[in-house]
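In order of appearance the chains are A, B, C and D, and numbering begins at 1 in each one.
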Amino acid sequence: MNPLLDFSRFRSNDDLGLALKTGSGRSVNKDGTFNVRRKGLPLVRSYELYHRLITMGGFKFLGLLLLGFLIANALFASIYLWIGMEHFVRPGGEGLLDRLLDAFFFSTQTLTTVGYGHISPKSHLVSAVAAFESLLGLLSFALATGLLYGRFSRPHAQMCFSHHALIAPYRGHTGFMFRFVNRRSNQLIEVEATVVFTLLDAATGNRQYFTLPLERSKINLFPTSWTVVHPIDEASPLHGLTAEDLRQAEAEFIILIKAFDDTFAQTIYQRTSYIADELLWGVRFRPMTSPAADGHLVMEVGLVDATEPG
Amino acid sequence: MNPLLDFSRFRSNDDLGLALKTGSGRSVNKDGTFNVRRKGLPLVRSYELYHRLITMGGFKFLGLLLLGFLIANALFASIYLWIGMEHFVRPGGEGLLDRLLDAFFFSTQTLTTVGYGHISPKSHLVSAVAAFESLLGLLSFALATGLLYGRFSRPHAQMCFSHHALIAPYRGHTGFMFRFVNRRSNQLIEVEATVVFTLLDAATGNRQYFTLPLERSKINLFPTSWTVVHPIDEASPLHGLTAEDLRQAEAEFIILIKAFDDTFAQTIYQRTSYIADELLWGVRFRPMTSPAADGHLVMEVGLVDATEPG
Amino acid sequence: MNPLLDFSRFRSNDDLGLALKTGSGRSVNKDGTFNVRRKGLPLVRSYELYHRLITMGGFKFLGLLLLGFLIANALFASIYLWIGMEHFVRPGGEGLLDRLLDAFFFSTQTLTTVGYGHISPKSHLVSAVAAFESLLGLLSFALATGLLYGRFSRPHAQMCFSHHALIAPYRGHTGFMFRFVNRRSNQLIEVEATVVFTLLDAATGNRQYFTLPLERSKINLFPTSWTVVHPIDEASPLHGLTAEDLRQAEAEFIILIKAFDDTFAQTIYQRTSYIADELLWGVRFRPMTSPAADGHLVMEVGLVDATEPG
Amino acid sequence: MNPLLDFSRFRSNDDLGLALKTGSGRSVNKDGTFNVRRKGLPLVRSYELYHRLITMGGFKFLGLLLLGFLIANALFASIYLWIGMEHFVRPGGEGLLDRLLDAFFFSTQTLTTVGYGHISPKSHLVSAVAAFESLLGLLSFALATGLLYGRFSRPHAQMCFSHHALIAPYRGHTGFMFRFVNRRSNQLIEVEATVVFTLLDAATGNRQYFTLPLERSKINLFPTSWTVVHPIDEASPLHGLTAEDLRQAEAEFIILIKAFDDTFAQTIYQRTSYIADELLWGVRFRPMTSPAADGHLVMEVGLVDATEPG
């Protein structure tokens, strides 16, 4: 066994709470989620539903709203048809399609409270159903208002990480490094980084976790990009390991970023991870910024993963 | 008296603020509320009302909305009837029921602003009441929008605790331990635990409070479950106590959990407690996770209280 | 001069930022506001308007909404009258009052979007004004929704302080003490107290500020009441001072409370102050809690200021 | 070279994250934004859109709403015209303008859900389009509600800084100082200041960053104004530098203020900067407060930049 892979000389740090105990596969996905599935939860949970509705994609959300609108109207149209279209004052014809569509559009005009009145209830029974439908309509739109606001105002992942991490010369030493930018126009403040290195201990077969010391772990302002560096000195658990060592030990670097979003006064957390196959050796990051003619600095966000020979 | 129950050798920690001074009964209920009732408060307090409306169950809330809708319409219908239905343009009959229901449904069509117009005001007096009713309707639905959003967006209790705490062998020592899971799909970050042990001091008859040192009191990530452990070494106030001792001294373990909800950028607190009757001795927790075929880890939430012989 | 009033032996602490430099009058009012007025600000500031609207009393707020509704409708009614009521389809009479009220109620039916249709635009000019009015109506109610939610969800002052502070024997020493309760049913967590003592330095005529050390400055849970105590030992700037000394030196105790509101996940600050005339000497606070028959503890909120002979 | 401009004797502090590396121009603008432009981002990003809509000026926002309303109605009017106005029940004439405006106003009455009914759908095709339009209208107003609330409730820049910073005698030493006031009526609590001094190192041509120690860096309450002072003693990087030195070295003082807004329970950050041309030498700030007849203190906000001979 490679003696460098005997980590008993390091104090393992498992404060991370990642008691996953899976030998293989990454613990943290690129998008920061965990490789864990929950089982045995009740099927319908209003909170989860809300969570889904405000985190799903925008088009899917709009599609669901439209679908819900159609289903609700189809349902109420069925009720009106079942009561009978003779309970309505309406100019329309008596064919099935006419009656069906009149019922449907009376429903849409009631649910949205537009209420033109060219179709209107003749009997009290229809009035009662329509009263309930308009109440339901208003509550649904109250709900939609909350959901739309919830979707926009919740904190969003906004850091864009370099796809690769580098192990490369850095100020005389070798360093493990990655960088990221804020791709939003709102300001991030007091940005903190934590890097946890995890690998299989060849001796025991268990996963070990080490929090890596960083050259700098917090910056006050974050106008452009930040290259986070762990210097690989002799005290580092990475010291002396090769690309092959890391691959065999299923190494993973778990990245935790914490920041304060100035625009919305919210603390934001974002996670990602790098596995051994996502490391580049001996290259360095290309600069992302260049001065413009008008004195502004221009940052090319797409260059976040760009490297050049070290 | 059992000399182990003389706690004068420990420094009591009553920083908790639990100056409850009740000899018996639990201080903190299973759901984290306190056994305290407030008296002498004013009867109607808008803030308390809001608090009730956003914390009550969903069906109760919807029922209340419906009830309020019916009452408001009944009220306005009475006003319209009192003014007289001859003040309306309406197609309906002149029987009492017809007039009553026409008044009621004119009210619902006004409150929801659907306004078909088949019943409409003939006199200015009715127009004035209807103007006020439609304003009230819009404000009520503005209020409902706020309440619905408040209900969904407020932080929710989401930790599921093991029903029992264990006193069992743990890494060579004996330990007091319990565990909990996050039953939501949103991520909890920077989870902290505090355990306060309280019992009646046999010597003075007063309650004593001790903050128990934990093997680990904070984890950064919380993908699965966390077993919180207090090692019962010689410095522990639990050292040497039997199940019978704890029962007689009306012991209680008060649990405080603090976490950051990643999805909503909110700090969450949750409390629970274990009394002597909720302790199991000498058993250990069964694992809750197992690897799935596709590399994901599967956590069975229902197993949070499952134990097996130690 | 009373040598005890020479405070040069103490390190003055003016970190409070209260560079008010007023010789007389209290710096902090009972309700926590400062005795400062801002001058030279622009007259109309939307933010201040919002601030006013969500902090004013509930009845005043509703009155303003109603007033705004009436004014807006009066304004649009004037426009419709100016255009001429012959531009409307309407069943009403041709007297001035009839035309005036028809214009007004057409306006209310448009602003609230109820739109019965018994009065409706005949000319395109009226249609255009009505289109604008209904847009304005919807935006106004959107605004009202935000204001109502803002009013309910913002953090509220919820601590009820004893009207008097006491200087009385306390565990062998003398202590300065006051107490407060949470009068809401939501839980406060991690409550912190700061007490700043300020008085006129007889030697220089300047105000001095001292942060008083407290027996306990933070509690984790706050189920009932908290009596905050500053022990008046020899290191205290209060040591040896009489009621008359404090009155002459225009002494003031500024109280700062910080807490976390568990229900709304918000940090709350509250301030108050005690001047020399609000001190009671030699009495002690009466207990506020008593056990009920069902094992609950009952706290009588009205007793927060109740004292009994020491 | 001026030996005082050799900063190798100071430990440079670049923890600020301002790795801008631009030789000239200010790094932080007066309003706290950075001189950085992002390039290479996708064109349409819903989050950025939201960010823009809640941070733009009020009149611009209202103008956009009105424009959106007109465009949406013009679009739907085109659809109705294309279907043909013979599909409507309407009292209007048959001229082109009449048909066009009837289509437009049917659209406004549908989008705002006012629905008078004097123009109403005759065919099912028109009913279907109108149903979709009223749904769209309600969702748009749900969105507007969220935007309006987002605009008002987000934390606002509220500190008003003196336009100039001073370098002037201060308590025996010389000091760098600036001051600021809260121009809002809501209370700011726990206000913290950080001052970073940056200039071009004459030796290397690189920018150096130094966090300046402050006489006081945090105040608990902020009722009036706060003059932040950096004492220029021998340990200060400013020691011995002249106005001309600072100008040549393109010096800049970056100011970071952090505070807690008591009314909205939000942490607020604000930034500004002073360049060499914005320094005044040897003058001092005029007091901003004076006692009023009624015992209140009056603060003249407009005096924040007022100075007088030192």
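One rule holds for everything that comes next: contacts are C-beta pairs under 8 Å (C-beta built on N, C-alpha and C of every residue); 3 or more make two chains touch, one makes a residue touch a chain.
All values reported here derive from a predicted model rather than from experimental measurement.
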item: Both-way neighbours, i.e. chains that touch chain D and touch chain C; value: A, B
item: Same-residue or different-residue interface between chain A and chain B, half as cut-off; value: different
item: Chain whose average C-alpha position is farthest from chain A's own; value: C
item: Separation of chain B from chain D, taking each centre as the mean of its C-alpha atoms, in whole Å; value: 38
item: Chain A and chain D, separation of their C-alpha mean positions in angstrom; value: 27
item: Chain C residues counted as touching two or more neighbouring chains; value: 109, 113-117, 145, 149
item: Touch list for chain C against partner chain B, complex; value: 58, 65-66, 69, 73, 91, 98, 101, 105, 108-109, 112-118, 141, 144-145, 148-149, 152-153, 156, 158, 183-187, 189, 191, 216, 218-226, 260, 262-265, 289, 291-292, 295-303
item: Touch list for chain D against partner chain A, complex; value: 15-22, 24-25, 27, 33-41, 46-48, 50-51, 55, 89, 109-110, 113-117, 120-122, 124, 127-128, 130-131, 134-135, 137-139, 142-143, 145-147, 149-150, 154-155, 194, 196, 256, 266-269, 271
item: Residues of chain A touching chain C in the complex; value: 113, 115-117, 145
